[in-house]
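Structures given as structure tokens follow.
Shared between the two complexes below is chain A, which has chain B as its partner in the first and chain C in the second.
After this line comes the complex of A and B, so read on.
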């Protein structure tokens, strides 16, 4: 039983990293970012490319992926999303388009194939990265073996949650972001530079997705369309937890991850997935604004 | 009720007649006159239909290339009874709907007499109606779940009996495994394979401890591998399909600390392509059952591997089972076509189909033969163990096995369900 709970936690951790970024962009900024999964994919490719060209391992790839995915996020915000604030459905369509462009660009070896430039290691196919030696194997708790790598994933997710919480509630950046979430015009009137804060927040969320990508590359092959399925699960978490609540996101990713893993072990995986979706529908029916929605005034 | 000829009616009718007479005459014709060009022209047009873009590009491009390589070789050696083959290559973009459209284009507009292509069952099912309706011919190269009997498709890949009749007894008797965990992706092929495997396990006095499925393409294997670990099984029979899902499975297996010596994975779908994409160290020690491996030591195969590397201009290019099947399919087709031409007949799809019965070819991986009744292929079944270099070592080679596409429903060599006259559905 300890093992299944632990597995659930590690599934939840990846979900948490993805959903935190979405909680900020969707919850606080009112943007549906369908390209979030592709930012994750960019992070995973950073792990592959830094390993091939610079000999980096996963620990060193994590900050690189954070910066690269964050920079890509900033570009998307400045050139596309910024022009679409307060147009929820348009942001969905535009970022979906961005997602397709990013996926196909990687498939065409970053689009450089047009110029006859070939980047070794960035092919259209599946790529893989190894796991550092220290993260292989398992450690024992109460007689059960727990894989070290999954422990590491849980650790990173919790640290990044703590950092996000600190930024959100303990820095002036976070205060400004929360002010924008409540009322962007009023915040602007009070001297908050809305554009700048939004760019930073969007880019931060993108960076988190990039880190999730690096961690995922330890579980599965890196491929251009690896992010698509995660963005759906990420939105499920955000909607279940309550759109602008960080603790809601934490709780909901834990809930969905655990439900998925425990049900998969007790019954089977296909049923577990169906049950999780059914559960989310029920929660949304009973509490349309999620489990942890702030009180409306 | 007037029969007066109005201007509108006149224009409409004459336009239609004009189209029928000049524009698209071949749409209305279904008989041999369609292939007049093919029968007398200097070149023979064939279609090559694979996904050159999209998620399935990696495996399917190699199939398209293998067909082109075979055609290039045949042309360099004098063609088909002196006539050159002209390949019309189409990209199906990893999409069954595009497969259907491009197949229609090849058959109707290009009037090709045969198409080599397809990879997934979805792609085969998408094109099948076109070839059946237009009485054309399609060569399908992938091992698949069987239970199909078409007089317009030639199957050059293995069917379940050719991957399992050797593997299951070998697991029980040679590896000494008695408790088998059967795992697969949740759709027809793995479920059919599991059904055949269970019967074989019972016949060999072994048992299956579980029969579990994961969504097609799923990459979160934590819970399933945990189940395998705690099931008390001593071997895994894997019918998992789709490269990313297979890769994630083997990775998780190693990450959870299970070694291939304790619980070996014996797979029916893992070819060189899947192994190299997951990272060789994760597959090292596991087994696969397929008719063809790059590691086959016959001199014919060594030449084939060298030719393939040269054709692709890539030292790391790998040969694999469906790629090998794509390649020799062209040679089977060539022999049948020559038989038709030498007999002085018109070269039509159905004439080639008729001539294909019992055609033999010494392929790089060994002798292959088209079954006279069900148009599937005889193979030598093989089991390989993967090494740390991503190449297999052949650990078992059986007697040639006849294809039994309905083995899942109880078909046996003395009691064929699919014959030249079609499927006997009363036996199902």
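After this line comes the complex of A and C, so read on.
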């Protein structure tokens, strides 16, 4: 039982990293980014590629993935999302297009296959990154073996949550972002560079997804469509937790991750996932603004 | 000349041309091509369903595959039974149930596996058809009613419908002893339409599907032009105002959402008739969102546009996919087309066509058109 609760926590940690980015882009900026899962996929491929070509291990892959996914996110924001502010459903549709393009680009290895150039580690194959020696094995708590790698995943997620919280509530960047969330025009009138802040925030969320991808590559196979199921679950977390509430996101990712892990032992994995979907639908119907929502003014 | 090309006549002309086009396909295509094209017509029907819910009712349903899937499975239940033989009892037993049967279970539909009793009434194929329409209708009614009552906004509807289709997909995959799980239902019988066996590769089957599409298209077009349809578009454009004007916003939305779901259910039936299988892939999110892509490219607020968008994209896609390298490239192109359409052509190709037609009409007789417009405006300045 303790083992599966622990397993649930590590799943919840991945969810948390994804949902944090979504909470910022959706909650603060009013954008539904369906390509968020593909940013995770890019992070995972960074882990694979840097290991094959540069001999990096997972620790070094984390910042690389953060930068690569963040840069991709910035490009998406500047070229596509920026044109769609205040058109919420259209952002969903356009970023879905971006998601398809990114997936296919990786599958086609950026189209290089046409010129006979092949990059090892890229493509639709089922790669898996090796976990560094230090993180293999397990440690014991109350007679149960807890894998070190999963502990590492939980640790990274919590650290990144703390960093995000600090940026959001304790820096000038975060203050400006929250001002935009409240009233973008008023923020602009007060001298906030809305475009710049939005690009930075979007790119930061993308970077978090990239880190989640690196961590995920430790227990799942890396493939072009690995991210698509995560973006849905990430959204359910954000909606359950309450938009623009970071602690709500933290709580909801824990809740959903644990519910799935615990129900999976009682029934099976498929039914557990189904039960989580049903639960979230009920929560949205009863409390459309989520479990933790700030008072509306 | 100008009168003939007015906006309304242009639309009428487009409808007539489209219907003539789909009914003339048997002249150009062989059996195999005709069967493939009949599937595109079914997709066209899905395009109409999306356009009705999204373009007219303003409800973006990212789970339209749910209604399509239910329709397909209901039909497939019946056609599977028609193709099955008994396993020692009185009722026919589908082959996958024999494999999944519990030891010593009585080989009757009512008892062979847990939950298999659901199949019993599907021995009549018309029951299958009725369920394919009724279940989506009831489900859609319930969804629209609950969502309307709690007044959740557009995004939440999209997320909830998305979660719902995923939920049902997981259940279908999990309940293998009833639904055949991942494998889906294959080896189906032909639909028996009053003694006429609908061979999927026969010309008559294609014509029946084309006829069904025509009827659906015309009914949908008529519905949106009725008073209820106009009120609905008013709600889409400004929900609060419609509510203050005293319209029961929810009941209009429920009605059109239900109609859209029933069209999708019917599309499921026809797809199974033409393709001879039903599978959980119908419930994939990717499929549901792809339908939205078709409608967006064709024109979300144009029933015919969405329909043509679905048929056209599938036709081009299938033609390109005959070579494998192009198949993957086509997916990439679809993604790019979608981004371009959302960014620069929010009204889709139908919007583009209607703009071009407008311009053409204006050019053709500038003076008369302008005089007509100015007369109209002087008569009712208050409306401007």
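Just so we're on the same page, the second predicted complex is superposed on the first by the 294 of 297 C-alpha atoms of A that agree within 3 Å, B and C clash if a C-alpha of one lies under 4 Å from a C-alpha of the other, contacts with A are read in each partner's own complex, and residues count from 1 in each chain.
Convention: a residue touches a chain if its C-beta (ideal position, glycine included) is under 8 Å from a C-beta of that chain, and two chains touch if they have at least 3 such contacts.
The shown structure was predicted, so the numbers you read here are calculated from the model rather than taken from an experiment.
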Which superposed partner A:101 touches (first chain B, second chain C, both, neither): second
Touching partner for A:150 - first (chain B), second (chain C), both, neither: first
Touching partner for A:193 - first (chain B), second (chain C), both, neither: neither
Partner chain(s) touched by A:183 [first = chain B, second = chain C, both, neither]: neither
First (chain B), second (chain C), both or neither touched by A:277: second
Which superposed partner A:80 touches (first chain B, second chain C, both, neither): second
Touched partner set for A:89, first chain B, second chain C, both or neither: second
Touching partner for A:228 - first (chain B), second (chain C), both, neither: second
First, second, both or neither for A:268, with chain B first and chain C second: both
Footprint overlap on chain A, where chain B in one structure and chain C in the other make contact: 107, 268, 270, 273
Residues of chain B that touch chain A when the two form their complex: 53, 55, 57-58, 186, 212-215, 218-224, 226-227, 230, 243-244, 247-248, 251-252, 255-257, 277-279, 281
Chain C residues touching chain A - in the complex, by the definition given at the top: 60, 146-147, 150-156, 158-160, 162-164, 166-167, 170-171, 173-174, 285-286, 289, 292-293, 296, 325, 328-329, 331-332, 334-339, 342-343, 346
Residue ranges of chain A touching chain B (in the complex, touch as defined): 3-4, 7, 10-11, 107, 124-126, 128, 130-131, 136-138, 145, 147, 149-150, 218-221, 223-226, 260-261, 264-265, 268-270, 272-273
Footprint of chain C on chain A - complex, ascending: 32, 80, 83-84, 88-90, 92-94, 96-101, 103-105, 107-108, 111, 113-114, 228, 232, 235-236, 239, 268, 270-271, 273-274, 277-278, 280-281, 284-286, 288
